[in-house]
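First chain A sits with chain B, and in the next complex the same chain sits with chain C.
Then we have the complex of A and B:
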């Protein structure tokens, strides 16, 4: 950054007129960024502005707090926030634990081994494999006519999964969400695990430390910020997810994104036109808090693992 | 010595236990999809659902639309980001932080939130440009910004573009020539990464397309799932295989390109992240 700034003053130093020309040139230099700024203003900053201001406006555009009030005091809206946060929390923890274990199991193998290549490539796909297709995958597995549901009914004659209805509930959502959380955790956490130097392990071993002692006093503390940061990322990922839940649940709106869907698609109740924006603002706030913590932890992690 | 072998043995057991359990969890739904999409009448196997993919006009139309959309988004993303980021690196480094902040902003704005704010704007887009699904390009370029930015930023950071562009400029080339003949060839790997992430994102996007009522492949698959689950599941398996092949091809392209440039001073390390 600084070494790039350095040559600029040298170029504009010589005489007065040159300086003026330099200022003009700097202005034209800023003009080069204009197309980009114009585009993001229309399609990113303006929409954000609409959400943020709309949350505080009534149907006629006058300032009001009634949208926020509706979200905070309306039991359906508040519950959806609690369920969304609970679901994100559960799947972030499950995904982080199993993803970290998977990353460890992969990192134990040879760095250029086939297993490693396959797992990393598959994780790249499966972490992206949210959405509608994932919902179908689980309906084909645990749904009413799902592979596992039928298999259990045919071979054991029992129906422990209550005919597949559970997949539409909280447990079902948790199982489905964890499916894309584990691969994401692997992608995010594997580099941190690889940052552990084998010398540290050797030092611990040669001093008589057990495997447990190594993880308790060396590996664990070094990886802890990275692990927590990755878990936060997973939380934000689950909290923002919409497509899977939308494809799975077509009636009722237990999650915030689904509440926003019904606010957008259903008939607008008079005076409630902007409640969707208040819900959206709530989501932005939660995600922003989580991502800020993530950024802070990320800085700590990079201090150790270079 | 015995203790060492014992811990190593238990580590081996734990390692394979983890691998097997996670593999079952991750592979079971995929196997179930294959099983589900090949069910025939009365407990037989049949490929009717797979054949049905090509016969469903809505589905084929939406696949074509989504592929066009992916291509347009890649072009839009490259045209928007590459000149801007190069220009900022070379001429207005003071703007780097601003551009970075804007590009990473979509990470904190979930798609479901973006669609709330973008819906009124799309009323105008539809009015001015038409109501083709391809107009989604605008908002998809925004959606891929963070991933594309990171990939391209990695590429630009790995080469000394100030020296390269000053050399080119002093030999009399225009800014356009610098961009097309010096910068772009040097960050080709980063551009491929950025494009692949963008393609994957666009082909999998459901939230915005469905709430703005455009028929992209994911929206049509979702509708199809309610009518003919077999075909919907078959398409999902096909899409998944396609994504896997795409990623493997890219993963194999990158190291080979790096080996070829090993003795070259402008070797570009491939950006590894950005797939999250």
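Then we have the complex of A and C:
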């Protein structure tokens, strides 16, 4: 064909006005990000700056390591870190396992099925249901005067809280946290599950692989980084949760966020604000490590599931 | 089957290429609600033969291939491989290599590990597995890409690795499910030749599904044309093109003109020419004759029976659309220089060469 023989058009430099137009378009696009950047600056970067600098200052604004020293040498502070990390680990693992099973059940169902639509929509709400509301709901159900507690006592003569108020301690927090961890896991992990191509399973089958062989050599390894990444996200979610624990626990401060509250609002020991910032710095470091690992795992998975 | 996946022992050598086996599909039926994906399909493949199933989307060709692979349950019918009934044998025990339409390499494995996957399941020793995988990667021209992951390979390279992976287990039957459809035209043509070369080299009986007639005609020993779950005709490419048995086959494979004519005594009178009729044609009365563009001649003629509408220059040849005096339109294949000479509006005489044609009532 004649046009096949035509010489390729020479590449031309963009003119000055074209360059200006292109730069203008880019600038306009960036304008859309400004509100987000402003939000992040005011509610993340600036508070982080205050926390980091405040952790190394005394009441007069002079440099000091005494706040850090108080945190690392104070048994109550260290215990709160251990309890926070332990609680986050337990709820992350429980949430990851049960959430993954739920996500698997949803992924196996019809894409436009009622089960899927209901579960995904409910998970979207329940994953954000933490805080005072959840604590109240939990107390209203399982507390000393909770619906289930009274029902069991009246009908069966059983007092589930006879051994103590377990719901106000570690076990209770674990149960409440798991309540919002499971739906969060579903939301985070479902896309990874749906990224598994049916052809991989069929290819494995045709090459002689049983279902176990597929999950062991293909499905499992592909999902493992995504699963671990989602579990890390759940860990960070639990580690940084405050309102639920604050509403549920009125005596003592077994978690780091509650210790920070104590340091900032205590009427018994004054001048502890910068110790609170040192505690917050510790939390920032833990969450930063976790999120870095999460990002690394996500990068690996996204490459595979592209 | 050459090996079992759950064998507890490790073998030092990969399975040897077994050559081709005979495959028989007998009266396969599969319905989805009211849709008959397979409606009594029967098909035989000779040992070492490459058969292409050709047809439009939804005609059942992929269902047939998947039924042979064991990935699709049948309502009824029998699948025989090497004389054995494998209808109820699960997919992972059939020893069939399959290359899928979409890229199906395991993304967490290198090209070498992908190719060696089937051997790993067969407990082939690591050294032998690696040697066999490297041999096959060489065979498909990717010897230097053994350590690359799928996302580091192009679409064509991924399909080559998929072919090597399917061949690594020395399958009894090789199944190709539109393996070229996701590739661009140039890579498709290259890989088409390569698949055929490799298939001839290993001699594995192969069923190849495609909706691309050029691919089917270029690669297959025989081409089966399917429509609505049934096999319309199966024949070597030249026979299928030149002697179609049904109007569907004539029109699906290549270009065809529908021209009115009259049939008598095994011949049809079309545009003033008596042409012989193919087997299966309507034999008397008014008929529609199916004529290939290359069987139509066009010559400038002031007293002719039509006028040129649109000439098309295609490099080595040309095509000309002509509106006849009865207002019907025919397409003729002409020499490329003729396509440039026959400008729109040129009065022409259209005649038919006396090659055998199919006539339908």
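Definition applied: the second predicted complex is superposed on the first by the 244 of 306 C-alpha atoms of A that agree within 3 Å, B and C clash if a C-alpha of one lies under 4 Å from a C-alpha of the other, contacts with A are read in each partner's own complex, and residues count from 1 in each chain.
The working rule: a contact is a pair of C-beta atoms (placed from the backbone, for glycine too) under 8 Å apart; a residue touches a chain by one contact, two chains touch by 3 or more.
Quick caveat: nothing in here was measured; it's all calculated off a predicted structure.
Trainee: Looking at A:221 after the superposition, I want to know if it touches chain B, chain C, both of them or none. Which is it: first, second, both, neither?
Mentor: In the superposition, A:221 touches chain C alone.
Trainee: Just to be sure I read the superposition right, which of the two partners does A:125 touch: chain B = first, chain C = second, or both, or neither?
Mentor: In the superposition, A:125 contacts chain B only.
Trainee: Should A:208 be classified as contacting the first partner (chain B), the second (chain C), both, or neither?
Mentor: The second partner, chain C, only.
Trainee: Does chain B (first) or chain C (second) touch A:139, or do both, or does neither?
Mentor: First partner only, chain B.
Trainee: Contact-wise, after the overlay, does A:260 reach chain B, chain C, both or neither (first, second, both, neither)?
Mentor: The first partner, chain B, only.
Trainee: Figure out whether A:77 sits in contact with chain B (first) or chain C (second), or with both, or with neither.
Mentor: In the superposition, A:77 touches no partner, neither chain B nor chain C.
Trainee: In the superposed model, does chain B or chain C contact more residues of chain A?
Mentor: Answer, by number of touched residues of chain A: B.
Trainee: By the touch definition above, which chain A residues appear in both interfaces, chain B in one complex and chain C in the other?
Mentor: Common to the two interfaces on chain A: residues 1, 4, 210.
Trainee: Show me the residue ranges of chain C that touch chain A in the complex, using the header's touch definition.
Mentor: Touching chain A: residues 3, 5-6, 69-71, 90-98, 100, 102-108, 117-118, 120-122, 151, 162, 165-166, 169, 175, 313-315 of chain C.
Trainee: Under the definition above, what is the set of chain A residues touching chain B in their complex?
Mentor: Contacts found on chain A: 1, 4-5, 7, 26, 29-30, 32-33, 35-37, 39-40, 42-51, 54, 98, 101-102, 104-106, 108, 115, 117, 120-122, 124-141, 145-148, 179, 182-184, 187-188, 191, 210-211, 233, 239-240, 242-243, 246-247, 257, 260-261, 264-265, 276-277, 280, 283-284, 287-288, 291.
Trainee: Under the definition above, what is the set of chain A residues touching chain C in their complex?
Mentor: Interface residues on chain A, with respect to chain C: 1-2, 4, 197, 199-200, 202-210, 213, 217-218, 221-222, 303-306.
Trainee: Would you mind writing out the residues of chain B in touch with chain A in their complex?
Mentor: 7, 11, 14-16, 18-19, 22, 25-26, 28-33, 35-37, 80-81, 83-84, 87-89, 91-93, 95-96, 99, 102, 105-121, 138-139, 141-142, 145, 162, 200-201, 204-207, 210-211, 218, 221-222, 225, 229, 232-233, 236, 239-240, 243-244, 247-248, 251, 272, 275-276
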